[in-house]
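Two complexes, one shared chain (chain A), two partners (chain B, chain C).
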Partner chain A sequence: MRHKTTTAAAAALSGALLLAACGQAGPTAQTGEDELTDGKVVLGVLNDQSGVYKDLSGPNSVEAVKMAVEDYKAEYGDDAVATEIEVITADHQNKPEVANTKAQEMYDRNKADAIFDVPASSAALAVATQAKENKKLYFNIGAATTELTGAQCNKYTFHYAYDTYMLANGTGKTVTEQGGTNWSIIYPDYAFGQDMTKSFTTAIEGSGGAVVEAIPTPFPNDNFATFLTKAAASNPDVIGSMQAGGDLINFVKQYNEAGLRDQGIELAVGLMFITDINSLGVDQFAGTTFTEAWYWNYDDENREWADRFMEITGTRPSFAHAANYSAAKQYLDAVQRAGTDDADAIVSELQGYKVNDVFLRNGEFRAEDNRVVHDAYLAKVKDEASVSEDWDYEEILATIDASEAFRPVEDSIAAGCNLGS
Partner chain B sequence: MTSAPTTITSVAAAANHLASRRSPLRWVLLAVGLLAALSLPWLVYPPLAMDIAAWALFAIALDLLLGFTGLLSFGHAAFWGGSAYVTGLVAINVGVPFPVAILVGALFAMLLAVPIGFLSVRSSGIYFAMVTLAFAQMLYFFANQWRDVTGGENGLQGIPRNFFGIELIETDPFYFYYAGLPIVLLGMWAAWRIIHSPFGKVLVAIRDNPARASALGYDVQRYKVMAFVMSAGLAGTAGGLFSISHGFASLQELNWTTSGKVVLITVLGGIGTLWGGTIGAALVVMLEDWLATSGFEGIGIITGTVFVIVVLAFRRGIWGTVRDLKARFRSRT
Partner chain C sequence: MNEILQYTVQGLAAGSFYALAALGLAVIFGVLGVVNFAHGACYMLGAVVSALLLQNFGLGFWPALVVVPLIMFVFGILLERLLVRFLVALDPLYNFLLTFGLSLVLVDLIKRQYGVSGLPYTRPEILSGQVTVGDVRLPTFQLFVFAFSLVVCVLVWLLLTKTRIGMIVRASTERPELTRALGVDVGRWVTPVFGFGIALAGLAGVLAAPFRAITADMGSNFVIILFAVVVIGGLGSVLGAVVAGFLVGLVEAFGQAYAPTFAQVVIFVVMALVILVKPSGLFGREESR
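So, the complex of A and B:
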């Protein structure tokens, strides 16, 4: 009798233990398998790897995303939800139709869970449509158009590093407040230039300055002499150049040759990457002010990351590289928190999330328009004499708080963004 | 008495022999071509298959001018891209099924081609190429400036693929291919019909000797304009389909590089072969796609090298070279 009870108790106990073990082991063992769509996390980097944006983002952004994967694995080790992570990449050659097809292929065939970067606004917007249709995540870093958080915004598209509003607002407002009240703006006559000019004008006039002249130029264009003469004739404090890439380099050369800096007319630039400064030489750009989304030598945290980046790529990172790293890391962290890579779960995990990392300072994934806001910086290009090492080109004049750096939510909604639909 | 029937039968036999020697091969080729077209989305990624089909029609449209009328247009992007935008605008604003939108786009391209053709056929050779390029560039800047309608450099985004509410075709590129393919085949058939019509023979006569064609009483300029407009219509059909397939129209479609790409495709396939364009399109689109993921940075170098090799080694293009080899083989046996 007694023997029987013991057996029964033992059986019950072992049964309970077994159940408990199952209950515990079951889900943990399965998170790695069942909670991931297709059993792995695939990150796609789609950008320009052979054309004009190659240096400022390009192949090194792929390296940056791989760094994020390494860091994720190192941080979570055996607890990692994403047990297998694959990074795939394609060169869209700045052709929107190539970007469109490749994005579709990445989501659909290669089972990419998120796509990163995508410079060139027409390509960026085409990929946003693919993200919406495929219901997969998309972090745009390379493109400047505010359409991504305006009329073309959607639930799955996050705009990460910068945009035309942020560039114009930072430089326009801060330079005006520091005494450069009269502006002449020279802009390339296409969507980017026009948007920038509009945003600059709003920012300058909002801070008590005035735009005395806005001069459109053809795009692309080599010879800016007549435009510079015309701009200088109205005797402004600042000339604002909205040129980008190769045009900007020509513009700055001619600004220097015309001796406008010696006449006390400062130069402010709408969009500039540290790679632009590097290719033309710091002396050509010396004294130019512009808005920077991130600078590698800003503090120890940035510098430490930049050192790692340099070990891998042999060059210092632009803000686009750091943003690609940050976006990939934030995505993987969200997968970890959500315990799954299901796109809808990740979106609700990210929306409204506040975070600090090497790129995002006071960062927030705004829930209303999927704009990722963070501190921005007003930078000035150093004189050649004060450059202490390679790539040490910038002096940070001011930090623009995340809450002020980007377009207010109301404006995004007024521009047609509706994430509900 | 006895000799006459023999002659007749022998002639008939010879004719029969001739027909049997030519026509089965032609049917076989047609069958192979159709089979290739139908199986394409199984072999390559479906959106790429649609690209190949659209570019093939575009190249055939250009060959109508280049190969059969002797006019090298370097501004055909105007018709491809112009139609891409109009098709997109119609699809967005009117919401008609996509073949109707493409028809409107193609008609727009033809309408556009009337003044452009009228003004440019007065010149020939390199001057003709430059004048057409100039018109295409005008259209490019027009589209770039007229932002409210075209979206400027952002492109015209969000073009729907309306097709009588059939969801599979509207959302899945694989099924969409089969909805779009008939349009391409219809365009190809039209091109084939044009060059095999008396009108087409006149075009070839003009190409080979405009002075003689004129002496025979043909209004050379008018024929050229008509060929130009027909070519533009087919190019517009292809461009419209391309924008529906991708769901947007961008400035890239109007860029001079698009005009260059279609010339490249036609030359690769073989000028004056009509069907060569299909081979050229498949080659160039697949090469571009493959290079995009190859990790190789000098994409332009590769496509340029292929072009140079083809021009140097296969002067008649791929299709033309194969046809010549076949003819030589046959004359030997």
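So, the complex of A and C:
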């Protein structure tokens, strides 16, 4: 058992919050408790605590969710409907079967009202099924598959942050429109890589470009030299890499090694987290274009939140961290508005809800497919010379409006999403 | 034609890592009869230590080529003194399990300390460009890696065949009892040879640092291919390890070029074929011990 539990009292550290917590222990607490199932609200963070997604989400996403709990308490004080909030966490090791068991355990035994994060698409789909069966909420942040708002969508599963459509639409479309017409795509030969390649191809062709070659690679793989030579042989304007994590770092190092940028072949990356840039070093990534769901240094509001995050974790947040915070806060706010943590009541409270917060800009919980849409950003990695502080790696080239950043509702429905009933 | 040249250079560069690391593995197996499963982790440590030296002391790639193998040499000596030697007398399986467990511990320690997304490393400027041969552009770094590891392999070969130390080591490997009877303290050489083997894995790690992702997991896949290399070359054969290292690099590169998704499978197909035709490997002696 790797559950770490945090009681409401332990989370409330500051003096003011302590006072608020004491107040709740008094007679006023009576009002809330009747409306809460099992007498408390339990938030479960299910993600990768030790493997490849640990840095970009992992334990620090748990901290982000705890920040949301803290903020909720500070905001509502004595009026809080959720009088006792518990944050639990488990490691799913990126394995769908582990995710499935852990999710069941969280909903069943630990009485979790909502599960957050869950990177790796196969794991996310398993958790979505559990959410549907248990009629409990699930806010997916870490996984990219559009299946969650397509054929496998369900009433209790909301898809936050990003997905393959949003990444392809942002990067594929914009780079093509800027003149990178001919693409060579190199992708890892498994579900995510194939999905991304399909989405990118649609976006590129829709903008008047062409994919001249799509090369599958083994996964994981540390030697891309030959694949790069093959891709360059067809003289593309852009090489699109759908690799992730360590493979992406290998890829970019070897792209630089081959000197392809000097030959006029640009690099576009399907999915990248700020933690990737940090670990590879900004000079190796400089000039690379990608789609970002959120950037910590975008404006004062983001920066302020990122400073708080840094005090707690010692590092800057990725978009996944911010999205976990936002999802937990939006959930708790919905509990507050609904006056209960009953899952069906929360779903009707959230569907169609429009909101702005530190993560969601022009945010909307779309009622038709449970896609949470918001502004996305086209980002470019800065040159080393223009980096003014640690983690200041990205230049935001364009904001993609919430209404255009994600897959249109019709397409979700065409893909088989029916929230119906 | 141009592509063939590029693939060849890429294959030889990739093979350089295998050759160096497999050489270390072969030397260790030769002298101790230990199959060091922690070799992949030592390769990883070589890269991580170079990244840390750069980050904390500004020590670049060139000095790291000397300093890191020395550090790894000391690490290897400690490993042999504190752990490996106690199991040498037992079934080889014990040391296999020990080193396997050790590699898991090392990988997790690095993950715990430095996370999973890897450490940054700056490439040496002089190796960043490309060399143009005819109308083919070849990355300088790949050529350097190949040339460098070839020189190291030749030096190790000379050390083993032309020097007194090498003679003692070879004699201790092949006929330990006889060598001992001739008054040579065989045990004295075991520890430094183990350290030397680990240092070679570390050296491969340094070479990989500018070129590959420096993550705790970088050795996990590497060690599997490494064992294919050793099996193809013949367990314990120094020449076999080197030749098979480069061979596997080439097989990988051409596999990637012409059968991308099967690139890694091809290596193991070659391994299976070699075992079928010559079970002791290309350069292995028929088992006599």
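Here is the rule we go by: the second predicted complex is superposed on the first by the 389 of 421 C-alpha atoms of A that agree within 3 Å, B and C clash if a C-alpha of one lies under 4 Å from a C-alpha of the other, contacts with A are read in each partner's own complex, and residues count from 1 in each chain.
In this text, a contact is a pair of C-beta atoms (placed from the backbone, for glycine too) under 8 Å apart; a residue touches a chain by one contact, two chains touch by 3 or more.
Nothing here was measured: the structure is a model prediction, and the numbers come from that model.
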Please tell me, clash or fit, for chain B and chain C sharing chain A in the overlay. fit
Quick one: classify A:Thr145 as touching chain B (first), chain C (second), both or neither. first
Have a look at where A:Asp189 lands relative to chain B and chain C in the superposition and call it first, second, both or neither. both
Taking the superposition as given, does A:Ser50 touch the first partner, chain B, the second, chain C, both, or neither? both
In the superposed arrangement, which partner chain does A:Asp299 touch: chain B (first), chain C (second), both, or neither? neither
Taking the superposition as given, does A:Gly259 touch the first partner, chain B, the second, chain C, both, or neither? second
Now for A:Ser121: first (chain B), second (chain C), both, or neither, which partner does it touch? first
Per the contact definition in the header, classify A:Thr229: touching chain B only (first), chain C only (second), both, or neither. second
Counting residues of chain A touched by each of chain B and chain C, the higher count belongs to C
Closest Cα approach between chain B and chain C after superposing, in Å? 5
Overlapping contact positions on chain A, where the chain C interface meets the chain B interface: 50, 54, 189
Residue numbers on chain A that touch chain B, as the complex places them: 49-50, 54, 59, 89-93, 95-98, 100-102, 104-105, 109, 121-122, 125-126, 129, 133, 145, 147, 152, 189-192, 194
For the complex, give me every residue of chain A touching chain C. 50-56, 189, 215-218, 220-223, 225-227, 229-230, 233, 245-247, 249-250, 253-254, 256-259, 262-263, 273, 275-276, 278-281, 283-284
Hey, which residues of chain B end up touching chain A in the complex? 45, 47-48, 51, 144-145, 147, 151-155, 157-158, 171, 173, 242, 246-248, 250-252, 288-289, 291-293, 295-300
Chain C contacts chain A in the complex at 3, 6-7, 10-11, 13-14, 108, 111, 115-123, 128-130, 137, 139, 141-142, 210-213, 215, 217-218, 221-222, 252-254, 256-257, 260-261, 263-264
